[in-house]
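Once you scroll down, you'll see the structures, which are given as structure tokens.
Across the two complexes that follow, chain A remains constant while its partner is chain B and subsequently chain C.
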Partner chain A sequence: MEPLTWTGSLGALLNPVFQGLAMIFIVAVALQILASFIFRAAPVTTNADGTLTSGNGPIEMITKVSKYSLYGLLGLCLIFLLAGIVMPFGKAGIIGAVSARLAPVWLALFVTFTLSMVYKRKLGLYGKLFDSLIGMIGFGLVMFWVYTAVFTGVFDMIATHDSLAQLSGMKNKLPGTPVRGADPETCGHACWYLLGGDNLARDVFSRMVDGSWIVVRIAPLATLFAFMVGITLGLPAGYFGGKLDTLLSFLANLILAFPVILLFYLLVTPEIVATGIPSFMAMVLFIFPIIFVAVLINSRYYTRPRLRTPLLAGILAVLVWIYLSLISAPGTVLAFLPESLDLFNIPGGILVVFVSVVFVNAPTVFRIVRGLTLDIQTRDYVAAAQTRGEGPWYIMLWEILPNARGPLIVDFCLRIGYTTILLGTLGFFGLGLPPESPDWGTTINDGRKLLSIYPHPALVPAFALLSMVLGLNLLADGLREESLRD
Partner chain B sequence: MSKMADYDGPILEIDKLSISFFTRLREIPAVMDFSVNVMPGEAVGLVGESGCGKSTVALGVMQDLGKNGRIVGGSIKFKGRDLSEMSDAELRDIRGNEIAMIYQEPMASLNPAMKIGKQLMEVPMIHEGVSEEEAYKRALEVVTDVKLPDPERMLKSFPHQLSGGQQQRIVIAMALMSKPSLLILDEPTTALDVTVEAAVVELVKDLGKKYGTSMLFISHNLGLVLETCDRLCVMYSGEAVERGSIEDVFDHMQHPYTQALFRSIPLPGADKNAHPLVAIPGNFPLPHERPPGCNFGPRCDYFEAGRCDAQAIPMYDVPGFERHSTRCVKFEEIDWDAPIQVGEQKEKPEVGKVVLKMDNLKKYYEVAANALFGGGEKKVVKANETLSFEARESETLAIVGESGCGKSTFAKVLMGLETATEGEILLDGNNIEQTPIQKRNTKTVADVQMVFQNPFDTLNPSMTVGRQIMRALEIFGIGDTEADRRNRMLELLDLVKLPRAFADRMPRQLSGGQKQRVGIARAFAGGARIVVADEPVSALDVSVQAAVTDLLMEIQREEKTTLLFISHDLSIVRYLSDRVMVMYLGHVVELGTTDQVFTPPYHPYTEALLSAVPIADTSVEKTHIVLDGDIPSAMSPPPGCPFQTRCRWKDQVPGGLCEKEVPPVRDLGDGHQVKCHLAEDILARMEPVIKIAAE
Partner chain C sequence: MGLFILRRVAMMIVTALCLTYIVFFMTNLYPNLEKLAKSQGNFRMSDEAVASYLGDRGYLEPTPIKYAQWLGLLPGYKTVRDDGTIVGKCARPGVAPEDTPRFCGVLQGDWGFSTVSKEPVADVLGKRLANTGKLMFWVMVVMVPSALIIGVLAGMREGSGTDRSLSTISILSTATPEYVSGVIFIALLASTRYGLGPILHDAGIIEAKALFKGTAKSAMDDANLRNFTLPVLTVALYGMGYIARMTRASMAEVMTAQYIRTARLKGVSFRNIVMKHALRNALIAPFTVIMLQFPWLLNGVVIVETLFSYSGFGWQLVNAAGNNDIEMLLAVSVVSVAVVLVTQLISDIGYVYLNPRIRIS
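The block that comes next holds the complex of A and B.
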């Protein structure tokens, strides 16, 4: 079989067009910058129907050229992607084949965007996101990886090979290399290593999409736990102030001042694991969500015991069971739950990753929440709650926290990005996750040894990490912009 | 760079100006067909409620409309030159040099990281390129002109070291540094206390005369405009509705909105019987939902379908007057002198038994002198000093005073957010002064409730209106089921005259006045018997103020509530209160019935407060008493009488007694208490501050 080229049979026709347009675009942008020094912008005129018409000058002309050439480039990219889905597998080159494998993701993205655009006025802050281009791009990138992860991890759809399987003769092969000895009649989508093979002859594309499932599972959940801890401690520190605040802020500073990498190395050292420190830390950190939910419900419904008591008992029972299953694992110091009752066991390595991420992020969240609380507690509605005799926890959780949600949501998005990078770092140092794991950090580390000869095994996961974190940052930007505007 | 050449015509000519803001959804017209001329040396007032476009006009003159705003019609000519045709460089020359602007918030106009002197000197150094010494000399001169004490020290201080009033004077000084031909003042005194405001207004007036500067004075306060301006332009919903000289507009108004505006503001010279308040019905239209024809049509008493809403209405010149015009098609038919149609006046129920009694209440705070380590000497801030009074059932007791007088601390102690240092608070004969709110029983908490000042802050923005009221009901243990409480909540909405559909709205969908009504409903949820209203209407527009005030009084009549009305606005106090308590720096300086407090003999502070209130009535004559300086800090109150540093009667007391001793509380008869050293015969000689000229 022939190795695949990047654009396949489309390339002969479209590649020159693509290159030409790219040249025009670059020149137009350069001219645009120059012209803005020389010419004045033409005045904008107002129409009677309440619209604006831009003027017609040299600047406007050049802007138009660069705009349309950019549209042309984007259109060509779209053609490459769509052609891959429509044409037989492999005919449209690597890009087409990858696009075809990702077809369910494209479909899911298309449905999400269409529905959101149609109902955007009814969807609150989420709907407003679709008014901001930056926000939409960010949301698109994030959802791309979320859908990829879900389709790979749950439905086993996108990967072409097993991410751990090593096929002989595929070591460090370039993108588009056909699998040796595959039967062209029956192999179907497994005929090629679409993005090449790594130094253990594993499929880079499959490892990348499998890695996304690990990141998408751990990063948001770990961030959520960090927020629970930060909020549960930050609210009282800001609201009560005084000695409690001094103590908690000091502890937060202490943790922030500790070198993170050293902390991670310490946590995964077998001797330290044997003493049970990570397990005990998990025990302490994971109890905060339970406290949070219990206080949240109790402060709201304590005036109606008939509703409160069964509700609280039910939710607490479920949460405590999950909590016990979470921290109890056979083979560690905390193995007290009988196996018949233990719902699930978290692999030791993942638990350590989880604990370290929560431990490192919680102090920052604590400080943000504390600051917001200090600001919001001076509002009249907080005073109104005080003067009708509300308890402090009601005020904190129902009067202050909901009104701090804007900055917290933005920070949550940013923090998932940091956590993703942190996971990459941990993987890169080989901490926590098993050495075979397809997560992006580990894969980059594997690929780095032959980087100068075969860059693709490291570049692919690196771009994956980049695009996901970029997406999260853009999403946070978009949310911030839209939540400020009214 | 020099000034523009001398020019004889009008300084500012705004002709049929229209300004729109363009958003993603639609064009929002902010100002439509607006014309005004400002002659040299003339002060023109621009009056209207918030959202009527008056600040947009000012920004339009400065050509500073931002990215979304643009002028869609008409022209703005400054000294005969069209501002929209000037280049950016020319505009930069004019701003700050020929046209200066003074904003509402003084701290926001000053650079907090630069010394005052540097900021002032910058103006002539940039615009006229003068030397540093010359600039310093000029700065010193201007700071002396704005009557700031110790000008040289002022120039060396940072903005945060000055009080609000001093900061605003510095901003005025900065505007005058380059001797501009036009001064735009955008609500320059809103952030200041009444007595400080009076002094600043006085200053602006004097300086306008001295420098011969034309002024565009933007305000929502008709009284202030009367005191400062020669001519007046009333705006409503983006349009000028009436334009003319102060006398013409105040005494011979020719537009229904102007008339309604005057009828909805209380005057301190008259009580509720002589001058009943008439609220303007309905709400201000949103900019993109303006009615066809006359914008004021839907709220107007004289509305005639088919005529008022048929076509856009131009400005008509009023015959018989000079430069007086109105935007009303029916102005010649309306009988402008017809007496006010007043709905039936309900009799107030008799004042009942004593509900609340304060006896010698004191509240001191200890402040560590050294904040960082908490050690060292402790300073005592005396927020409330020997407060004694009684409040009865269905009585309105007004508590009057400026910021820092201790009225908020008093409210906190009464509500139980703080405990008293000394003295007693008796609620139905039970002591509550040492019981913090957590330890009070539900009945006591529900009995004493509060209405807050800022309507935009009083409701939790992330909970529906109905939910918030129902939460109060839950806390006060009212109703057995959710359905019960929902019913009760809907009844409360009826009580405050809000449609029941508002129960499911979020606070951001409500206007300021509506939010304040929800706040009132929430306070009355537990059947409150004592309601502390902390400046409940001061943040609202005048036309809404009247409606909310009337609502409070009506609920009071029905529920026999004791209302403790905290305010600095003496007009509204005169209108609604039975008794008045005047506070200054934690002391009660005067206490008596409304008539006793508003007629001589006064406490000197009350006298100054009365004189400081701007009154929108040309027939009123006021004695001008301008207080020197600012309110002393509560951290270091003056020795002796708290008011002695600003009192104009001090020299009438022999032996410097005022500086040595806190005056005793004296009873002038019928429960009228005054805390002053002045002898009886001097008090008896005092003249009334507000006089209504004989017709």
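The block that comes next holds the complex of A and C.
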């Protein structure tokens, strides 16, 4: 079989066009920045019927050129992607083949965007996101990875090979290399290593999409836990102040003064894991969500004990059971739950990574929540609640917290990105996750040894991580803009 | 003001003591000590041999006592062997038993002995810090001016095309962690097979096959453009976006202020408004941000020094943590805590001096 080129049979026609447009676009953008210093913007003229006509100076000309060349480039990209889905697999080159593998993701994205656009006025802050281009791009990038992860991890659809399988003769092969000895009649989508092979002859594309499943599972959940810890501690610290505040702030600053990587090395090495310290930390950190939920429900319904008691008992029973099966795992110091009652076991490395990421993030969240509480508690509605005789926990959780949601949601998005970076850092230093794990940090670390000769095994996960974090940052930016507009 | 600084310094010392105690506790857990003994002795040591190795050197004493010894409040543990030689906390190779001091802690100016490099910690760390200092200096030289220029240009005309493209660049740079940008830079600029190097070489513009070097090993003695550009650029890029965004926000806020409008109505030219009226007030916020960036840069330095195998402070941290080099790790954490807290202090004091509206009583 022939190795695939990047654009396949479309390339002969479209590649020169693409390159030409790209050159024009780059030159136009550079000129645009230069021109804004040299020329003045042409004045806008007001017509008799009240409409405006934009002026026609050099700046406007260059802007027009850069705009249309950008549209042209985006259109061509769309053609490359669509052709991959329509044409037979592999005919439209590597880009087409990857796009064909990602077809369910495109479909899901399309459905999500269409539905959200149609109903955007009924969807609150989420709907407003679709008013800002930046926010939409960010949301698109994030959802792209979420859907990729879900379709790979849950439905087993996108990966072309097993991410751990090592096929002979595929070591460090370039993108688009056909699998050695594959039968062209029957191999289907497994005919090629679409994005090449790594130094252990595994498929880079499959490892990248499998890695997204690890990141998408850990990063948001770890951030959520960090928020639970930060909120549960930050609200009383800001509200009550005094000694509690001093103590908690000191502890938070203590953790923040630690260099993150030193902390990871101290927490995640196998020797420390053997002593069980991470398990005990998990025991402490995972209790905060239970406290949070319990206080949340109790402070709302304590005046109606007949509703509160069964509700609280039911929810707590479920949560405690999940909590116990979460922290109890055979082979660690905390293996107290009999196997028949243990719902699930988290693979050793993942729990440790999870705990250390939560531990690093929680103090920052704590500081943010504390600051917001200090600010909001001076408002009139808090004073009104106090006059009504509401308890302190009701005021914190049902008056202050909902009014602090804007900054918290924005920070939540940013922090997922930061958590993704932290997970990558852990992988980059080979800490926590097993060395064959397909997550992005570990694959970058794996690929960097032969970087200047075979760059693709490291570049693919690097760009994956970059696009996901970029998406989260853009999403946070869009949300901030839209929530400020209220 | 004096009292404020004094209180902050006292707080710093308490924080440093707490942190070093945590590091001390973690590194002195038995599995870690066992690893240390095996890497110092040999890897097939029996459990008894490990226990006697550790016992002789005072590693099995209670942690608070060991910690006090490290601080220099208690005399160092020592065991006199049958042949008259001494092993223990204060024993150093090549020092006669009678010259071995009783106390050898931080208070005596002795930072301990690195079990990996077989040298006093202070000597090793001094060299590493000098290397990192060189790296940080160039990072600052690249990062601060470019971030301020980008921020000011973007914030000058909020919402313009320049603003949008520069803001996109700064968001992109905050979304690129060092290990990603470093990998991309090496693949594009330091590879002899791909990227820019071979193209320029074929065009006859550069002599060598690659534009830059992918390692900075040679930069420790002789830093030049070829071997030092990529590490500096990689560290600078991540911090740059953040500072630029802060500068932009601050500049945009200043540009909407009343006195700028007054200057405009007076007919002052745009250039003069920016240079004379806006810039000074817009640079107060970025100053604190730049100072608070130091701890983050420290993180970047660890990654970049590992990626480019440049033996600096960060490389030493990874090396010491990987080999459980206890006294080296403690010194490393003292240094990094000091960096974090001192920069916080400077940023607070600087903020007060730059902004006449704030006074700490």
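The definition used in the following text is that the second predicted complex is superposed on the first by the 470 of 486 C-alpha atoms of A that agree within 3 Å, B and C clash if a C-alpha of one lies under 4 Å from a C-alpha of the other, contacts with A are read in each partner's own complex, and residues count from 1 in each chain.
To be clear about the criterion, contacts are C-beta pairs under 8 Å (C-beta built on N, C-alpha and C of every residue); 3 or more make two chains touch, one makes a residue touch a chain.
For clarity, every value in this text was computed on a predicted model and none was experimentally measured.
Chain A has more of its residues touched by C than by the other of chain B and chain C. Contacts of A:Arg304 after superposition: chain B is touched, whereas chain C is not reached. Applying the stated contact rule after C-alpha superposition, one finds that A:Val154 touches neither chain B nor chain C.
Of the two partner chains, chain B is the only one touched by A:Thr46; chain C is not. Contacts of A:Ile38 after superposition: neither chain B nor chain C is touched.
When the two complexes are overlaid on their common chain A, residue A:Pro259 makes contact with chain C while staying clear of chain B.
Contacts of A:Thr63 after superposition: chain C is touched, whereas chain B is not reached.
Taken in their complex, chain B has these residues touching chain A: 20, 22, 24, 26-27, 70, 72, 415-417, 437-438, 440, 442, 445-446, 448-450, 452-454, 457-463, 472, 474-477, 519, 522, 526. The part of chain A that touches chain B in the complex is made up of residues 44, 46, 50-52, 131, 303-304, 379-381, 383-391, 398-399, 402-403, 405.
Of all residues in chain A, those touching chain C in their complex are 29, 32-33, 36, 63, 250, 253-254, 256-262, 265-267, 269, 271-272, 274-275, 277, 417, 421, 424-425, 428-429, 441, 444-445, 447-448, 451-453, 455, 458-459, 462-463, 465-466, 469-470, 472-474, 477. Note for the complex: chain C touches chain A at residues 15, 18-19, 22-23, 26-27, 29-32, 34-35, 160-162, 165, 171-172, 174-177, 179-180, 183-184, 186-187, 190-195, 210, 214, 295, 298-299, 302-303, 306-307, 314, 317-318, 321-322, 324, 329, 332-333, 336-337, 340-341.
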